[in-house]
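For reference, chains read A, B, C and D in written order, and residue numbers begin at 1 within each chain.
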Amino acid sequence: MNAIVDLPVEQQHRVGKNIPIYKERGQREVFCGLTGIIWLHRKIQDAFFLVVGSRTCAHLIQSAAGVMIFAEPRFATAIIDDRDLAGIADANDELDRVVKTLLTRRPDIKMLFLVGSCPSEVIKLDLSRAAQRLSTELINQCRILSYSGSGIETTFTQGEDACLASLVQASPKQAEVIEKNLLVVGCLPDVVEDQFHRLFTELGIHNVSFFPPKNSAQKPEIHSNTQYLLAQPFLAETARLIEERGGQRISAPFPFGVDGTTAWLKAAATSFGIDPTHFETVTQSKIERAKKSIERYLPMLTNKRISFFPDSQLEIPLARFLSQECGMQVLEIGTPYLHKQHLECELELLPENTRIVEGQDVEKQLDRCRSDKPDIVVCGLGLANPLEAEGITTKWSIELVFSPVHGYEQAADLAELFARPLNRSMKLAA
Amino acid sequence: MNAIVDLPVEQQHRVGKNIPIYKERGQREVFCGLTGIIWLHRKIQDAFFLVVGSRTCAHLIQSAAGVMIFAEPRFATAIIDDRDLAGIADANDELDRVVKTLLTRRPDIKMLFLVGSCPSEVIKLDLSRAAQRLSTELINQCRILSYSGSGIETTFTQGEDACLASLVQASPKQAEVIEKNLLVVGCLPDVVEDQFHRLFTELGIHNVSFFPPKNSAQKPEIHSNTQYLLAQPFLAETARLIEERGGQRISAPFPFGVDGTTAWLKAAATSFGIDPTHFETVTQSKIERAKKSIERYLPMLTNKRISFFPDSQLEIPLARFLSQECGMQVLEIGTPYLHKQHLECELELLPENTRIVEGQDVEKQLDRCRSDKPDIVVCGLGLANPLEAEGITTKWSIELVFSPVHGYEQAADLAELFARPLNRSMKLAA
Amino acid sequence: MQLTLWTYEGPPHIGAMRIATSMTDLHYVLHSPQGDTYADLLFTMIGRSKKRPPVTYTTFQARDLGGDTAQLFQDSVSEAYRRFEPKAMIVGASCTAELIQDDPGGLARALSLPIPVIPLDLPSYQKKENWGASETFYHVIRALVAVDKSISAEQYQEKRTANKTDTQKPSCNILGPTALGFRNRDDVQEIKGLLESLGIEVRVVAPLNACVADLVKLPQADFNVSLYPEVSQLACTWLSKTFGQPFTKIIPVGTKATKAFIHEVCQLAQLDPTAMLAAQDERAMWYAKSVDSTYLTDKRVFIFGDASHAIAAAKVASEEIGFKVVGLGTYSREFAREVREAAKLYGIEALITDDYLEVEEKVAELTPDLVLGTQMERHIAKRLGVPCAVISAPVHVQDFPARYSPQMGFEGANVLFDTWIHPLMMGLEEHLLMMFRDDFEFSAKAAPSHLGHARPTESEKPQETKVAAVAPVDHPEQISTAVLSDVEPENTWEADAEKELGKIPFFVRGKARRNTEKFAVENGISRITIETLYDAKAHYGR
Amino acid sequence: MQLTLWTYEGPPHIGAMRIATSMTDLHYVLHSPQGDTYADLLFTMIGRSKKRPPVTYTTFQARDLGGDTAQLFQDSVSEAYRRFEPKAMIVGASCTAELIQDDPGGLARALSLPIPVIPLDLPSYQKKENWGASETFYHVIRALVAVDKSISAEQYQEKRTANKTDTQKPSCNILGPTALGFRNRDDVQEIKGLLESLGIEVRVVAPLNACVADLVKLPQADFNVSLYPEVSQLACTWLSKTFGQPFTKIIPVGTKATKAFIHEVCQLAQLDPTAMLAAQDERAMWYAKSVDSTYLTDKRVFIFGDASHAIAAAKVASEEIGFKVVGLGTYSREFAREVREAAKLYGIEALITDDYLEVEEKVAELTPDLVLGTQMERHIAKRLGVPCAVISAPVHVQDFPARYSPQMGFEGANVLFDTWIHPLMMGLEEHLLMMFRDDFEFSAKAAPSHLGHARPTESEKPQETKVAAVAPVDHPEQISTAVLSDVEPENTWEADAEKELGKIPFFVRGKARRNTEKFAVENGISRITIETLYDAKAHYGR
């Protein structure tokens, strides 16, 4: 723990069981918010995402998307060129032209997001005005919204936050108080959404909806009798806007692992006055099955030491799951941003001696990592192979965002994602 | 033409325009009759071919079939082993067992050919008796016939002759004279068969059938009012048996190339009393189209010198087509066997200075070939690459058997088969 | 603004990164916002690099924009120098930093580091990756190589000749190979081996695995091998102009070009190539000549890639494999002229574009038998159900195979043969299938097993609908009045013509259908009969 | 009699042909009927040989059987000697000639040719190709190598050591590579290079490209490398027994075995392997270790081939790629014991058979993720829609690639990595697909684009029928009484369980279905609900 001395102690805050939060500034080895498009465009099945940016933006999404090229993508980039930089008026004309070309080619698009980037932000191209302008013009064809996924404002999963926030903002305000409802907020794979839906139904919570919806015609129901439950820990702005419209957050850990899922469901059940005995009846067999499922991977995980490089803001709930349910020892949790309120319940569950670092200076973090010598490191694709070459086993963090990992049925899958590289290292060393 | 001196002059016969036929004896670089199974099993779609032979027979068919493994084959080998050699009685028992196993596995088989091989012939395993015995036993399930495809008796395409002969022999005798009919004899690809069928119909010959039929339920109609037309030049025994049953052969060249096809159809038309003007009306446009089609390949073929190594007995009709319609110069026609009656019309059309050699001594033929230096050699797969390595362009002969090459619509395809290697040699030399 | 689904090239600073990452002691400080670090994964994941690229990103944020991003940049440079101790440094801006105009060159210079600091001016809104690589390589060389302006190129050359001892071998540098370059790792091994076996000393290979000190020594060699002109031409031209070092023009892709390359370098090195050429086995040539390759003759091939690889591939396809080149194009606008010239050899017009959709359209229109392209074209071909092999960057992890896989030299020619022929299925297999083309087991319903799930042509035109649309006719009539209507008439297939088409095996059926329909349109035939089918066949040939 | 659709090996005289064709001046006169010449095409077409095999076939016919086939044979031998002037001759009978009992050996001897004439006795009705090759190689060596029976093996060995000069390198022969052998051409190059770089002189490689004079010199080397035991073990054993030449036991396939082989030969040559081992890059190991290979972990692989290749492949698959070996087998009955031993390492029972249908059944039963086999298994896998790579003879023209493609040595390990991984789709591509496994665009209808048209499992069990068969149930009930009935109950999927299954992506759906159904059967569940699906998942793991 000597490497820790390098961390800026003056900026310490303390959370949970008196855990200090170190803040770090420097080179960040994290995607920008544009990357969220890769799962967002698949979740909202009639939406299209048009990045207004540079060739770098196009190249970034392409590099992050990789295999997606097999499908006809529902995202593209309007690449700004020299002429656009000459005058914003022209840039707006050009944008209108590109949008119309796009919609002619893809008339199936019912919702178009104009996605701001670093260059569009820096040149102050007003995409929300552009969206309004185009929305009016194309009123019978397509809804047009905007948000920013720029790297100067957003980190990786914050792109989803910005996107969902724009959806909340664009949804009609519901004045009168209607029936109490539960809104689950955050992109979830369909299979997970369906599982949760069945669970809520079994519990007796019938007025449940998921946000974002699968297509643009569905609007979120938010009013003063809305209880919302975050499915993802990175939705600060979305949550703020929901609360502005009267929604109340159900405070809970996140549904990773068996205990996390139970606590998450339990918080909703309590809020909806579900009888605790009924809750137990409904969840018991799932809990048992999931616990049994995880057991398979425990021999590989227990007492193994893990460090997280900052990536998706999932780091804290995942560290909690791995320490609480898999017996792993967490050395360092790097996270790009830490939302203390949303993560309150999670932080309580972390062991005392956890090192939490918000922000990143990748070089210094690598120094600490080499000094810590963890059994496994969770990091991005840029770092994974170099660390492996140094003899440090890695788990690529991006997969934790793309894989179905929430809920009971995926708890073991989540454990397996960490067990696999450890298992592999062992196999190949033998 | 000096290399010719080696040929056994004493055995000369003369045919056509006083062309001598040299006979040669020695190593033959030709498949045995078993190979015919590869097209026969696909033509008769509910038949199965069981070779009774050695591992060599199985290996030969497998090597010749190559790609056929992609499909579930309708042929197999009953491999004779040491125990079978110990006593013929046992061998018969074993054969019965194998046939029953096979029919249990493949109940869709309606006709089974037991195919004799060199070993089965040498040990005098009587397959025709076995076929009778099993036919009686399995009367409600499957017809069982036999023929020999052994290399000591048959060369390549003679396997088809033997197979068709067995089918003729097994077909019921029709005593009373019924309506005059036309029987086209010899395996043709379906697409060619259909073309000919349309042509005969247009000509006004309606009572036409093709032999072998596409499935075992169809029986050939042979009686004293049957006129038969050979589609292939290698069907000596089949023709003999058809004539035994009263069928009369319509003498004609074979339907390769435009002129060959016209003469072949004309012979049938004449025999069926079709008005010559009508004949011309029906064939004219096809002839023109086919001639035009061939023209594309003439620049590549005209005046090129060609030699044939013996293979399928198609050599003489093909040489006739290439010399008569494509302006090629034929140096040597090697043929495994020459049926003077069946080829009478063909031989008449060959140029005077053609060298015809029946049989083979492959070493001596290679000597002649090297001395002749033809522009293209038609030979088997065993010889093609070594000749190419010596700088001699080749066309592999087996393709001429497997490709649809008969009739008007395929005349240009046939020319193309010879033009392609010449074209390729030119392209790669450039 | 340009609407872009996928791009062939990254921005120019990615090109600069490729130069920095290629070298062992050059560091790159890139003024850029968070997110631009994505580029690291290109090298560590696609190239499976064991080291991180030697790039420091300043990672400025929105809140910094009001403040002092210049200071942030200077701090990053200082810290990078302290931590990595490079022998030289390149500094520049990514697209966003270009807009905030912090002048990285000036800021870095102001720090007076004890190493060469080379500023890069790569206009992100105009130029692209290969241009960026080429510029960077050129500027790094210019900054590192000492030039005595009082000495002319000829004098430099004479000096080299004069200083030569009798036992000294002729020498060259190999310029152009980079990290993430298509098969550069193995091309270098192959060409280096080839040159050495000719008795030529290879002094420096750069930028791949070169160090700063290597670049300083570039002018010492007799000539340069410009292996990847997209990256090396600018530098080679300058070296030629300044030091009188001639450089090679032939790209040794394919057996014939390799032999021509041997002639070229032997001329530059004043050596006799005869022995070397005689010793070659030329296996690829024999494979192309061997009889099971006959079926490859005149297969229609569409080629797209960077200029050098595309031009070379077309030559090999046409002269060494016997294909017919029906399409040739590039995304390298810098070399458009060369590609246009090359296309003329095949009587076609070159496709110069970086619009992926335009390429897709062209492939769909030409329906070639084979596509030779980049990973983009692989995906296009997969969608269209056309066989494809990759011949050029942009690359994917597959393009960094574990095994030795050069594209250049004699072994490169072998690799090309195998790689291009494989998707067409190897010799005998395809050939025999071809022979059974009227076989009932290869029915209309049987899809080509070696291709993707996208059935060519057939699936787009379901038979049922068409057949149901016309009543069966006994004696098909042919409407041959060549009327050219304004609206292109949609052909209708008679039922028995459709059935006849079904007798043609799947791998030529699409072509037969297209030819027939084209023929029908051109001859004003609205109902396609069996006769139309055969008329078209006669017209177009097999 | 054995019912045979396809065979793994030809008759034994094909093995003899492989020896004759491998060598440069050995001729084979084969007493055989017309048709047996088909074997020539194996060499000229599959192996793309530029020369005809040096085989003379007597080509007797039915009419000769009554006459003098013995005379025909003698004439053929005389003529072959006159025409080809070989340095030695082997003579023998094919299956048919074996029956007519002409005694080729005796007949040839009677001609008193001035060269060694070696009679072969290869029982066609008992033995097969590899046995024939092994026997032939052994008998040719025995006939050519002079043995002084008064000298013991130990004395021979001592003599070699005593005669050695100080500067003389340790030496070996490489025995076993033959024409038509799987990648033998390139294995020899790789292993010869490896041995030479260790400082070992390779005296003779045989039979591939060896001449008769080479074989005479075999006893001069210090030891033998037995590269293909199926062919070389018999000869090596005799050379060891007679001349005290030890021979290698390790087959250098894979990085680990190559390193073990280096240790083995260094011990035999009394050299230190440390430097050589340290200099290796071991790219295949790095590729296996790199993160995009993580998805390969525990992929279930079925392996079948000749004994040596199958055993070696299993080791590489398990220890170097991280696969799980679920099936291992061979058609080489001669080495059944070794394969059975190897199978035990993976807790499985070896499949020893030359019945292609039995292998197909086993593959269908195991439904592995990957098949490593011969061309036969490639076809089996293609039919079953399972990815496959070829690791062993019997070969096809594809197994003679133009490019350098060894299976042995360090480059061989690279080749294995690429070749085996390719059908599973390369790293990132597959991995990312895997991550999108709940994606609606990868619906139940989307077939894996990289596989054949035969959809695994799914197509066999059409959903529609099943779903229609049961009424939808709101709260699925689970019948968990574990009743073992005589007839295995066919599971029925509830509509929503079927729908849930459809949310699993195609490339794991088949496995999920199988596991669920197996679980249901084992637990006496007749109606599969969503809960059954997840119970099974919990039971079997992912």
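Note that in this section a contact is a pair of C-beta atoms (placed from the backbone, for glycine too) under 8 Å apart; a residue touches a chain by one contact, two chains touch by 3 or more.
Owing to the predicted nature of the structure, the values given are computational and were not obtained by experimental measurement.
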Chains touching both chain C and chain D, listed by label: A, B
Which of A-C and B-C has more C-beta pairs touching across its chains: A-C
Centre distance in Å when chain B and chain D are each reduced to the mean of their C-alpha atoms: 37
Where chain A and chain D are represented by their mean Cα positions, the distance between them in whole Å: 49
Contacts with 2+ other chains: residues of chain B: 66, 70, 381, 384-385, 389
Residue numbers of chain C (touch at least two other chains): 45, 48, 50, 286, 290-291, 382, 396, 428-429, 449
Listing of all chain pairs that touch each other, if any do: A-C, A-D, B-C, B-D, C-D
Sites on chain D touched by chain B in the complex: 1-7, 9-11, 13-14, 33-42, 44-45, 48-52, 56-62, 64-65, 76, 79, 83, 94-96, 99-100, 123-126, 128, 375-376, 379, 382-383, 396
Footprint of chain A on chain D - complex, ascending: 285-286, 288-291, 293-294, 297-298, 318-320, 322, 428-429, 431-433, 435-441, 449, 500, 503-504, 530, 534-535, 537-538, 541-542
In the complex, chain A residues that touch chain C: 26-35, 52, 54-56, 58-60, 62-64, 66, 69-70, 73, 76-82, 84-85, 91, 94-95, 97-98, 101-102, 118-119, 121-123, 150-153, 155, 363, 380-386, 389
Residues of chain A that touch chain D when the two form their complex: 42, 45, 66-68, 70-71, 189-192, 194, 198, 289-290, 292-293, 296, 381, 384-385, 388-389, 394, 396, 399, 402-404, 409, 412-413, 416, 420-421, 423-424, 427-428, 430
Residue ranges of chain C touching chain D (in the complex, touch as defined): 45-46, 48, 50, 283-284, 286-287, 290-292, 382, 396-398, 401-405, 411, 413-415, 417-418, 422, 426-429, 446-450, 452-454
